[in-house]
Amino acid sequence: MTFDINVIFSNLPEILSGAWVTIVIWIITTPAAAVLGFLVAVARRFGGVMLDKAFGIVIAVLRGTPFLIQIFLVYYGGPFVGLSLDPIPAGVIGLSIYGAAYFSEIFRSGFAAVPKGHIEAGICVGLTQGQIIRRILLPEMTMLVLPPSVNMTVILMKETAVLSIITVPELTATLSAIGSQQYAFVEALFVLALFYWALVEITGWLGHLAETKLTRFRFFNI
Amino acid sequence: ADTLAAVKAAGTLKVGTETAFAPFDYIDAGEHTGLNVDLFAEIGKELGVKIEWVALPWDGVFPALEAGKFDVVAGPATITKKRLERYRFTPPIAEATIAILKKAGDTTISKPEDIAGKKIGVGKATAQLDQLKEFSETLPTKVDVREYPAFTESYADLAAGRIAGVANSLPNIAFVASQRKGTFEVVLPPFGKKSYFGFIGLKDADHAPLMDAIDAAMLKIKADGRMAELQKKWFGASFDTPDAVKDPAF
Amino acid sequence: MASEFTAAAPRQTPPMSIKLFELLLQAAIYTVTISVVSILIGFAIAIVVSAMLLSRQRLLALQARIFISFFRGVPLLVQLLLIYNLLPAIGINVPSIVAAIIGLSLCTAAYQAENLRGGFSSVPAGLVESAEMVGMTPVQIFRRIKAPIALRLTFPALVNEAILILKASSLVSVVGVIELTRMAQDLAGSTFLPLEIFASAGLIYLVINWIVALAGGLVERSLPGVPR
Amino acid sequence: MSVPAITVKNLVKTFGGSTVLHGIDLDIVQGQVSCVIGPSGSGKSTLLRCMAFLEESTKGTITVNGEVLGFAENAKGVRERVPAAVNRQIRSQIGMVFQQFNLWPHMTALGNVSEALKTVHRMSRRDAEERAMAQLVKVGLEGKAGHYPSQLSGGQQQRVAIARALALNPKIMLFDEPTSSLDPELTGEVLNVMRDLAAEGMTMVVVSHEIGFAATVGQQIVFLDHGKVLFTGPPQDVFKRPRNPRLEQFLDTYIDRGASMLL
Amino acid sequence: MSVPAITVKNLVKTFGGSTVLHGIDLDIVQGQVSCVIGPSGSGKSTLLRCMAFLEESTKGTITVNGEVLGFAENAKGVRERVPAAVNRQIRSQIGMVFQQFNLWPHMTALGNVSEALKTVHRMSRRDAEERAMAQLVKVGLEGKAGHYPSQLSGGQQQRVAIARALALNPKIMLFDEPTSSLDPELTGEVLNVMRDLAAEGMTMVVVSHEIGFAATVGQQIVFLDHGKVLFTGPPQDVFKRPRNPRLEQFLDTYIDRGASMLL
C-alpha cells in the first residue's frame, strides 16, 4: 500500500487552517445548539400544548432529514426565495438549528426524569419556574443528560464536515482536496481519523470531568 | 503475484468507478451506463474476460483499489503531473480541455475571455481548477474563482445565480447542457492547454502486466476506429488523442 | 469540431420524475434494512458495553472505554473503509452489506452505551438494594430493575441516536452499497437536477424518520412511568 | 372560631375515574392547629396537596385568606383558572412539609433550607445561610448542615424538610405526617416548636397518624374516611364522646395500644 | 434464650471519617421479635442495613444462622470478603422492609410483590401472582393491585413493601419502621400479622419509634444511642425498671405524650 507521510507535512499549512475552521465552527455551534435546544425543551415542557405540538413538528423535520440535504437546500435553494447567505454564517446557523433539535430531546428526557415531588417542593417554597429549572431540574438531571450531550457534541463536530458541500473550507474538505489533487486518499483519511479522534477524546474527557464535578450527590429515592 | 494471470484465471476484470460522472459513468433511469461501460466492454473482449463493476463514492475508490477490491479504476481522471507520481494512467480516452458553462441566455458571456472579473465555479482540487487559474492570469481583470466540493454543487449555484459560470472539461459540461437545455449553455471554444482523461491503475510490479495488457487493448481499440465511434456516441464528436501522456501540461 | 458540441449527446430525456422517485425508493429499502438491523445489533452490544463501563472490575471498564474511544472517536467513514478493506487482508472477506452492518452497529453501540451509562447511573441505589434483598442475581437485577428504568430514563436520547444512525447510513455507500443518499447523488450527477432530487431524498428520509419518531413516542408512552 | 384562613368548598378530586375526595367542605380557622386524621388511603395527602394547589381539583374551590386559589367557580359551576401570578402570590403564604420529604438531592441540608431564602427572598448568601442554620439548630441538626440528603437518616431528612418550610415564615403551614420518622423525643420537640408557632398565630394543618399528638396539639380535629369528612370538632369531642361509629372503631385500636403500653 | 439467628460482633461502621456504629455486640435470638429503639440518627437503620450486608461494615462480623455474611475476620482482625454467591445464599433467608420502601416504580403493586416469586423462585406467572395477591389481601390492598407506586398513598406504599418482603417466606425479617406511615388501625393489623409470624417461629428485627408497639410485640428491646447499645433486655425491664439514665430520659417524653392522650 502506498503511504507517503510527506504528503501530510508538505500540506501542513492547509491542513492546519482546515482544522482551525472546523474547530471554530464546532466551538460556536455546539453551545448555540445546546442553549437553543434547552430553550425549546423548556418551551415544550412549560409553554402549553400548542407550543409543544408546533415544536414537535419542527423537530421531526429537522431530525428527520439529513443535515447534508438541509444545508444543500437552504444554501443552494435559498437564493430562489431571496435568501442568500455566505457559507460560514449559513453553516453555523444551520448546524446550530439542526443540533438544537437533538439537544431539545435530550433535555426533554432530563426534565421527565426529575421526580415530580422535587419540583413541587420548589413550587411550595415559592421558586419561580425559571428558578426551578435552573436550581432544581438542571442540576438533578445532569448525570442523565451529560453523556448524550457529549455524544451530541461529538456528532456535531463530525457534521461540520458536511459544510464542505457549501464551500466552507473545513478540515474534511481540505483533506479530500489534498487527497484528490495528489491522489493521496489513504494519507488524508489517516490524518482525518487522527484529528477527529483526538478532538473526541478531549471532549469525552471534559465530559467526564464535568460529570464527576457536577454529580457528587446521590439519588436516594425517587 | 501477477494480477494479469489472476484476472485471466478468474475470467473477470474488476473495475472500480464512481457512478456520478456523466457522460463517462452514470446511472441513467436505473441503468449503469456511459462511455466507460461501452469502452470496458470492448477491453474485456480484447482480454477475453468479463467486466465486473464495483461502484463506490470517489472517497472510497482509492482505498479500495489499494486494498485490492478491484484491479483498475475507470473514473476517468484528468492526467496530471502529481497524479502520475502515484498512479499509472492508461492511454487517454478523451480530451479534458476546459470550457465554460453559463446560464442559458446570458449575453454577457459569448467567448471565454468574457469571464474576466466574473464569479466562476470550479471543482475543488481538480485539474480544471489549475487550468482556470492559469487562464485567469492572462485576462485583464482576474476571474473570481469559486471552489466547490463537487461539480454538482457548482451547477446548482450557477442555476441559483450565485455565479456566472462553471469551468469544467468540455465533455462533461456539454453533457450537462444537453441534459438541461433551457437552463445551461456551453461557451465555446475551449481554452487553455490541452489535457486528457485516462483510466487509473496501480504502479507496482504486480499490476504492470495487467496495465500493459489494458494499454495494448485500448490502443488496438483506438487504432481500429472503435474508440472514435464511442466518442462520437457519447460526446457527439471524436478527439484526436495521443497514444500516451508522459508529460502532462499540468 | 467545436460547434458540434452544443447539439451533441442527444440522450433521451429520462422518463423523469416517477422513474427517479422509484429508484430512490428502491435505494431507501437498503437504507432502512441496514439501519434497522444495525440499530438492533448495536443496542444489544451497547447494553453489554454500558454494563462493562459501570462494572467495578477495572479491566472490563477499561476495555469498554477503549471500545468507545475508537468507535466514537474515529469517523464512521474511516471505520467502514477499514472494515471493508482491511478485514479481507487478514483473511475475512465480508460482503458490502455485512461490512456496512458491522460498521454501523459498532459505531452506534459506542454512542448508545454512553447514553445508557447515564441512565444506569441515574437509577436510585435503593431500588437495587431492594432487589438484592429479595434474592435477585446481578443479572436478574440488571434485566428486571436497572435496564427498564434506565431505558425509560434515556429513551428520547436513544431515539435520537436511532435517527442519527438512519441518516449516517448514507456513509455505507463507501463500501459499495447503493443506499438512498448515494442513489440521490448518482441521479443528481446524471440529471443535473440536484435540488429536486435531494429534496425528494430528504422527503423519503423524513417519512422514514417520522415513522421511527412516532414509534418511539408510542413506546415511550407505553413504558410504565418511572418518575413520580 | 374566627376568620377562616382556608375555606374548602365542595372539593372533588378524581384520579382517572376513581374519586378520591367526594365533596369536602372545611374551614381552617386562622391561628389554629387543625389535625387531619383518618385511615391510610382516605385522601389526607390529596386534600393537603389540593390546598396548596399541587393537585388540580376536579370540582370545588379553595379560598386562602379570602382569595381563590387554583380554580375559581361561578354559581353555574363553570371553572376558570386563576392567573399563575396570583396563585404564586397566594402560595407564597403557605409552607408545606411533604410526606416523602422531597428534599433536593443535589443540595446539602443547609442548601435545602437556604435555597428559597436566597433565590426567592433575595437574601445575601451569608444572611440566608445564617438563618437556615438557625432553623437547623432548632431541629437539632446543626451537626449535619453539610450532609447531602442521601447521607442523612430518615428522621434527619424529615427535620430538614420541616426546617426548609419554616425558614420562610409562612402564614399557613401544611404538614403531612411531620413526625412519622421521628422518635418520641424528637416528636416532643417538634410538638413544642409547633406549639410556639401556634402561639405566634400561625395557622397549621397537620396530617397525622399519631392521635395522641393530634389531641395534644390540635384545636380542631378532622376525621377523613374514604374521601369524606366524617367528623370535625375540638379534640375533647373526639376522645370524650365519640359519636361517629366509624371514628369510634378507628380510635379503638389506638386506645388498645395506648393501654398495652402500660403492661 | 436459645440459638442466635444473627450474631453481631464488634460491629463498627464509619462514613468517611465519622463513626456511626461504635462496636456493636448483639444476639438476635431465633424465633423472637427484637425491637431496636433509639433517637433519630442513632444508627438503627445503619445497623439493620449492615445485618443485610447492604452496607459494608468497617470492622466486626455478622453471622447469620452460623454462617459469616459479608466479611470474615480472623483473630488478628484481617478481613476477607465472603464470596458473592455465599452472601446471596445467606441473604436469601432474610427479608427486609426499607424505611424509604424502595418500591420499583415501573411495576404495579402486584408486580412488586410477585417479581421475586417469578424471577428468583421460578414460580409460574399465575402462581406467583396468586400468592402475591394473597399477600396484598393480607395488608388490605386487594383494590390497589394494579396501581403503580406513584399512584399509592404513603401508607399503601409501605404495605406493599411489607407484602413484598413477606411473600418470600424468609426465615428472618428486618423491618425498618414498618408502621411509620400507617394509621393506628393498620398499625394494629400489621402488629397482628407480626404476632402470627412470631408464633410461626419467624425471627424478626424491628426498628420502631413507637415504643408502645415495641413493648407489645417485642421479646427483646435494644436501645441504641449514638451508635452504641445502651440497653438490651425484655420489655418489662425497659418500662418497669429503667436503669439507664439516657433510656429513662428517652422514654420520658413518650410517657408524657401517652398521658396527654387521656386528657
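Note that the chains are named A, B, C, D and E in the order they appear, and that numbering of residues resets to 1 at the start of each chain.
Methods note: contacts are C-beta pairs under 8 Å (C-beta built on N, C-alpha and C of every residue); 3 or more make two chains touch, one makes a residue touch a chain.
Predicted model, so just to flag it, every value in this text is computed and none were measured.
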*Which chains are shared contacts of subunit C and subunit D?*
A, E
*Once you count every C-beta pair in contact for both, which comes out on top, B-C or A-D?*
B-C
*Using mean CA coordinates as chain centres, what's the subunit B-subunit D distance in Å?*
82
_For subunit C versus subunit E, what separation do you get between their C-alpha means, in angstrom?_
48
*Indicate the whole-number Å distance between the mean C-alpha point of subunit A and the mean C-alpha point of subunit C.*
17
_Based only on mean CA positions, could you tell me how far subunit D sits from subunit E in angstrom?_
28
*List, in ascending order, every residue of subunit D touching at least 2 other chains.*
100
*Where in subunit C do residues touch two or more other chains at once?*
77, 81, 124, 126-127, 194-195, 226-228
*Residues of subunit A engaged with two or more neighbouring chains*: 72, 76-77, 115, 117, 189, 218-222
_Quick check: in the complex, which residue numbers of subunit C touch subunit E?_
124, 126-127, 129-137, 140, 144-145, 148-149, 152, 223-228
*Can you name the residues of subunit E that touch subunit C in the complex?*
52, 54, 88, 91-92, 94-96, 98, 100, 102-108, 115-116, 119-120, 148-150, 161, 164-165, 168
*In the complex formed with subunit D, which residues of subunit E make contact?*
15, 37-41, 44-46, 99-100, 144, 151-156, 159, 176-177, 180-188, 191, 209, 211-213, 215-216, 235-236, 239, 249-251, 253-254, 256-258, 260-263
*Note which residues of subunit A are touching subunit C in the complex, please.*
60-61, 63-70, 72-73, 76-77, 102, 105-106, 108-109, 112-117, 143-148, 150-152, 154-155, 158, 161, 189, 192-193, 196-198, 200-201, 204, 215, 218-222
_With touch defined as at the start, can you tell me which subunit B residues reach subunit C in the complex?_
19-23, 26-30, 54-57, 59-60, 63-64, 66-69, 152-153, 155-156, 159, 170, 174-180, 184-186, 188-190, 234-237
